[in-house]
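This is the structure, below, for whatever I ask next.
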Amino acid sequence: MKTPGHVLAKRVRDIAQSCALNARSEALPTWCPGCGYFGIHQGLNKCIDQLKLPHHQIVVVSGIGCAGRYPFFSHTYGLHTVHGRTLPVATGVKLANPDLTVFAIGGDGDGLAIGGGHLPHVARRDIDVNYLLFDNSIYGLTKGQPSPSSRPGTITKASPGGTSEKPLNATLLALTYEASFVARLFAGDPNGMALALREGVKTPGFAFFHIYTSCVTFDKAFKTWSNLKQWVHPLPPTYDPTNRRKAFETVLEDNFSTGIIYRRAN
Amino acid sequence: MPTVDVTVEVCGMAGDGTIAAGAMINEALSRGGFSVLGFDSYPAEIRGFGRCVTRSRIGSETIVAMGTDTHVLISLNETEAKSRISFLAPRSVVIFENNPPTYVHHDASFVAELPPDKLLYGMPLSDLAAEAAGTPRGRNLTALGGFAAICGVSPDLFISVVESKFKTKGEKILSSNLKSFEAGYTYALREFSDKKGDAIQFPELPHNDRMVMLSGNQAIGMAALDAGLKLYFGYPITPATPIMEFLASTLPKQGGRVVQMEDEISSIGAVLGSFYAGARSMTATSGPGFSLMTELITHGVMAEIPAVIIDAQRGGPATGLPTKTEQSDLHAAVFGGPGDSARIVIAPTNVSECYHYTIKSFQLAEKYQTPVIVLTDFYLDNRVENLVMPLASEAETRNANVSPTGSEGGNYKRYQITESGISPRALPGMEGYIFTATGLEHTEKGSPDYSPEVHTAMSEKRHKKIAGALVDLPKPEVFFVEDRLDVGVIGWGSTFGSVLEAVRAVREKGCRVGALKITSLSPLHASLIQEFMERCNKTLIPELNYEGQLANLIGHLHHGSVVRLNLVTGSPFPPSLIIRKIEDLIDRGDI
Amino acid sequence: MARERCVIIGNGPAANAAAVALRQETSELDIMMIGEETFPHYRPHLLPAYVAGAISKEDLFVTPPSFYEKCNIRIRLGQRVVQVKLDQRELVLSHKEIVPFDALIIACGGRQRIPERLQIFEELLLTLKTPADAQRWIEGLKSAETILIVGGDLTSLSFATAIVSAGKRVTFMLDEESFWPLPLSRDLADDVKQRLTRKGVEIIEASCIKRLTRKSEDVIEVDTDTGLIASNLVGAFYGLIPNVKFLVRSGLDVERGVLVDENLRTRFDLVYAAGDCAQIYHPELRDYWVSIGYRNAMEQGKIAAQNLSGGMISIAAPPASIFCAEGVMVNTSWWMEF
Amino acid sequence: MDKTVETAAYPHNEANAQPSRTYYSTHPADLHYIGVNVPCQNACPAFTNVPAYIRCLFEDRNARSYDLNRIANLFPGVLGRICSRPCETKCRHGEPELGKSVGICHLKRSAADFGDTAVAPKQPTRNPQGKNVCIIGAGPAGLAAGYDLAIAGFQVTILEALSEAGGMLRYGIPEFRLPRDVLAKEIQWVLDHGMTLRTGVRVGRDVYLDDLLHAYDAVLMAAGCYVSKPLEVQGEDLPGVYTGLRFVMDIASGKAPSLGNNVLVIGAGFTAFDCARLALRYGASNVSICLRATEHDLRVADEEIFETKREGIKILGLMASNRIIGVDRLEAVEFLRTRPTELLPNGKRKVAPIQQSEFVVPCDTAIVAIGQGAEPLPGPGDKDRRGVIRIDTRTFRSSVPRLYGAGDYTTGPTTVIEAIASGRRAAQRIVENLAGSRTTQWAVKIEDANITDRERSWDYIQREEMPTIMPVQARMVAPTNEVDQGFSPEQTREESKRCYLCYLHYEIDMARCIYCRYCIDVAPRDCIKLVKSVVLNEVGAVVGFEETKIWRHVNAVIIDNARCIRCGECVRVCPVDCISVSKVELVQQTIPCGGTNGS
């Protein structure tokens, strides 16, 4: 019920007391206001909170790009690496200390372009790393160039005539590479994201989270908030994520269904 | 007791058992109490066509280098052996197949080309082996039998080597090999009794079972094991692959894991990741792979994450000469990568140092929280030396992490600026020390900061830290200390053995020469090097590269006296060239 | 310990005199001047001569920018103070910057006054207070032949004579608001009339202006109770009023100007007002007066600075130059200067 | 074949599509919310729902706009001209960085000008109670009280001493500010609710209070303040010295005074300004208003000060009258200079006369308009030193049972809107006491609202100026000419756009918020905050926020409705649609017969 006054106050107080979001660092994120990454941040924080993971047992490994800044805003151990190398580094961290919960974080440029070669191998090795691919189809930190997931015809300063390349479908890739857990999520839905993240973290082996998000600064045409909100929709409740064949069908037919696409049946 | 210094070569085609034969010679003579240094060369195409040559230098006194001349050539393939003729010393022994399956035109005949002074020992190797063991595949052992008989090596040495080598492969194979060896030994003893005494004879020395033959790569692998390595990440590349292979078979036994990664970038990435998380890990590569690693190495520098990287140098640039030796990655190791990225680079000069410096590199990496690069080269990696089984002391393997003490509360500064530049490093899982390691310039607490003040202070911190590591790094070692030298020769890496041998030889002629061994290439003990150079009228720096990369590094320390001697033949530095150069310098009288 | 900061609001004669005097007193003080105009310190009384072309623009300016550097005085021009928070001892500038101060001298001067009844015609009227105003006059005079001057302060007198000598036809309308803040007495009117006529200015009398209308691109018609007057330009010279609106809710006593005592102190510690914006209560007069004019302002600026530095100097009140206007005594040095 | 794009909207969008709901709350925290966040409505003594009526004007629902006004203040046409506008000083648009307050009062007049004023009187909310109430005084307080009592089912009789109803509205406010037809119409509407008005009946002369107390179940004193305060200086009774009230009432009754050229008005209130402007209209040529403090301390609206000056009246400050000089007739006034001293918490400036600073201002007429007091009455009850019955301003009761008081009579001179509010509140107390239960209560009505259609550019519209008769000389042609001409429909629409509609409440749903700060980025001012905790007062209302710049301490992103200018930018950019808008209004709820008697 929306009421001002005491009801509002009570709600704020409840949130303050729940300390729900302690997995944040002290520094205010430097992402542009409105950035979808905030939603992912919120989702991951909720997941950490709900799973009651001790913060010092978490390592967030990130690459370069706006997503690379993630560890600075997270009250966890962080390792901000070089461009594209998130997964190998995360592999090292996880193998070195299997007690740690490792999140690898990178954007679509980091994970599909320069670092695209690592994805199949980490999936193949089935390292128990949780990889969050922030897919906004644009290079944000370098001020707006097309990325491997940009749709054809993307016009940027680096592609004034529009791109001609086909976009990569990260979910499909992960599915093809036989990741143990594949989810497709939406940055605007932190609660749904937290749910899927929880499941992914609990699943042993490589978990891949393909997260649609928006760059409010450099993408005014494609993955805008309003478009994403229109496009994105949850998988039907009857969907069986353990059926890999069905998962392929779903992903091939529908680019925007969200939820747990595939999980290896135990 | 007569001294002996003999170089034995086995030459054959891939598949002839050449390498195995060479290894057995090394092992046998090592057990026989000799100092052995072996070095093989083989083609990049592992099972394809191509020449294999093993060289073993065997001496009654310590061998520090591979010589130029060959005294005994055991040919398992005459077409290939032709190329070795020019290396043969006067009156050297040539053992060869004298009943090959096909006829050879004289244009192509090995024997036809042998100079007349050579002592020829033709043997029907294939026939002997087939007769003794039912298969000609043991003909390399038959040849070894011949070698033992001709050069007066006790067959028991070879028999014990064969036994230890083949005992795991079953009685049948062992006896087949022993029979092949014995057939050759008996044949030679019988057939060449009339020439007895012509050939070089090995004296009988006290046997030494404590000695083992180790290659540089094996030493590195063993060092890593002894250092408590937990994870190895690598990508196949000549000449570093043997390290991975060695560890793949040994590391799991002590609870570790070898992961063959998808490339060198991921290898170093994973190494940084596991060091970040507190586990000792390592990768080994060669020039092409090393160049891929440079970005992440500098990330280790910036983020102050330890790492141990073996760069086994080979001929370059690019793919270059994958199976040839060269010392041309020095600049890349010391300087390679973006920015002012000071790091520690050490280069062992022999197999023993390979072991000890690799172990040391883990401590250095941990203590100074920076990548440590161990520079070896094809020659050092693959050469075998006999040495007492190295054993690391407890002090050498001790964990050198500088951990934060006490509870800093929420105020832990991962990159705290300290007197030494070393900041206490927390590991994930430690409560109360959460931080983010980053390759961005950062404040003491690790937040990104590009301000001039911070970058200046942090650059200074990192460089000060590396400079401070000098105290823990092996000092340059002076050989033949004298107040004044006509020529001082400075060597590094695998070349230093050649330097030492050359200096030793020239000194025997009464010249005032000395040698300096540099093993710490970054940071440099500049004052010690300078002091040495000042005592020399001329400083000679022989290196296996074109540019004179060490000379570039230290040349400025003493103007005007540095003479470079560069060689890019892909082979180890022959001491003879150095001797000639020293003598030239002295003869020219401009000293 | 941080150096004490003195902020001077204004960049006119009082402000500049105060800054210089302060600097002479001590080098241990950070002095910052904040002026709303973008012009460096100039002589407003020379503006008529400048408009008439008698002097060059450079002659208007008193001090070069290097002067402030030399004196270690920080000068900020084109920046407006919108609020003074005396409790926090902070100023708020229009761009929302907060400037702390330990001591404050308010010397923000006056601005051209337009009577309330003429304010809706403001865009048809030219004034002459700043070099920017002067520039508008110079532009206008290029094509104008006839100029009507309404109101009438001392600037207008020198201005009228200056442009007459530049060959323009000048009509001077004396109305009831003329010579504000002085009441237009018969004697004063006659005196002015005589002086102006002698110099070639035509005088008309009317009690008030009803309306101004732009008839064409260059003709403005003035509807007065005694008839219509058409002219190319209309200049409004109704004197200056202290520029103190921004201080009204600050806690300072503000009436016409900032109320200060004879030492130029306000009721707040280390806060002074000087120059055209100060309304001084003088115990000898037992009354308030505001002071208008370049020399007075300089004098007051200096005194404020000296008192701020520990002095106890009272402002002298030369009775001869004090007039009563709308219940306030006015001390005009410019009247003497004319 | 491409099914992907046409799929259903993401579920959280449905949050805004929920059916509209309405809640009423009487929780003190919610009432506090109104106080802080709808400053105009809260500032209005009668709690006029300002945003709502301005919004109606924008939507061209003028009749509703008028009605919304009349519900609260009964006299929109009157107040739209002469209200003291406490709302405008609180209007958020008038905060320093935001420009000028909305012309709330002018818009009220527009509601009266364009709305349908001929609304039928309301029916009583209860059956006749069989009880009667007598109200003494047909001024704003008396009429307002009568209205509420009549609605509540009482028999109401109003006694008026003067010849017509309206009190100060008719006799104290000059016609050039308030045309008599407007006044008459609105008074008539109130009277049409079934009251008996008896004019020319003065209590204490024609009837006696004791008798009234016998005849009626309750008596309400709403006789206003008609006794002028004296200056208490020498010479005050000389011919040529008027009291402000006398002067104004004389003119209102058609007696034109002779003034001479030079008139001094002594006083600082509305009456002083009315007197000065009337003096100018009745022949004076040189009129000055003399203030003890300064122009800046005046409580009179800036617009009125400006109009006054524009008409040529001088405003002189820092002078206190010391003596009135003249032999048979006033010749001059002697003043002392004053010095401002402390600033009182209520914003008034205290001044102290400076001894021996006398100066003399010659004049032909002096009008002393420094205030009025209530008239002493013979009769029972506790009285003050002047003989005026004491009334508790909270309970509206006197020491005499069934004798109540309201309006200026109880408080001293205030404003029309305060008198109306006072009358209505007193009526509620009477109803409560006579009927045993309240008929109405104030409640906060909260309902879902659609996003505002306000455009950000509207925030930059300049305040519309009230068109007046120009040139100034034309105003003087007939002294009764209304100076303010009223807004045109276009001006009304433009000005109505300026209202921020503070009755809209913007709230971020923290459960869905992703803390992306987009809203903060587009916010026009620091109205959205990163908050660690909220500060609550004893009733649980939000009274402050503990802001933080430390990310892990940011528990919520909160819209500070007290800073919010309702521009809607945050709602438009919110990526996850977690900002909702609800409409929050203070409304008077009718309690059905036998309803709750709670708070």
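As written, the chain order gives the labels A, B, C and D, with residue 1 at the start of each chain.
Assume a residue touches a chain if its C-beta (ideal position, glycine included) is under 8 Å from a C-beta of that chain, and two chains touch if they have at least 3 such contacts.
Fair warning: this is a prediction, and the values are worked out from it, not measured in the lab.
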item: Contacts common to chain A and chain B (chain labels); value: none
item: Per-chain CA centroid nearest to the all-protein CA mean; value: A
item: Pair joined by the larger number of C-beta contacts - C-D, A-D; value: A-D
item: Centre-of-Cα separation between chain D and chain B, whole angstrom; value: 96
item: Approximate Å spacing (C-alpha centroids) for the pair chain B, chain C; value: 90
item: CA centroid of chain C to CA centroid of chain D, Å; value: 39
item: Separation of chain A from chain D, taking each centre as the mean of its C-alpha atoms, in whole Å; value: 57
item: Sequence positions of chain D contacting 2 or more other chains; value: none
item: Touching two or more other chains - residues of chain A; value: 25, 27, 75
item: Contacts with two or more other chains, residues of chain B listed in rising order; value: none
item: Chain contact graph, described as a line, ring, star, complete graph or other shape; value: line
item: Chain pairs that touch, as defined at the top of this document; value: A-B, A-D, C-D
item: List of chain D residues in touch with chain C within their complex; value: 96-97, 288, 294-296, 306, 309-312, 314, 316-319, 337, 339-340, 343, 354, 356-357, 359, 361, 470-473
item: Touch list for chain A against partner chain D, complex; value: 1-6, 8-13, 15-16, 20-29, 31-36, 38-39, 41-42, 73, 75, 186-191, 214, 216, 225, 229-234, 253-256
item: Interface residues, chain A side, partner chain B - complex; value: 25, 27, 54-61, 69, 71-72, 74-85, 87-97, 99-100, 117-118, 120-121, 125
item: Residue ranges of chain D touching chain A (in the complex, touch as defined); value: 3-5, 7-13, 21, 23, 25, 27, 29-33, 37, 444, 446, 448, 505, 507, 510-522, 530-534, 536, 539-542, 549-552, 554-556, 558, 561, 573, 575-577, 580, 582, 584
item: Partner chain A, residues of chain B touching it in the complex; value: 230-231, 233, 257, 259, 261-263, 265-279, 281, 295-296, 299, 303, 305, 427-440, 446-448
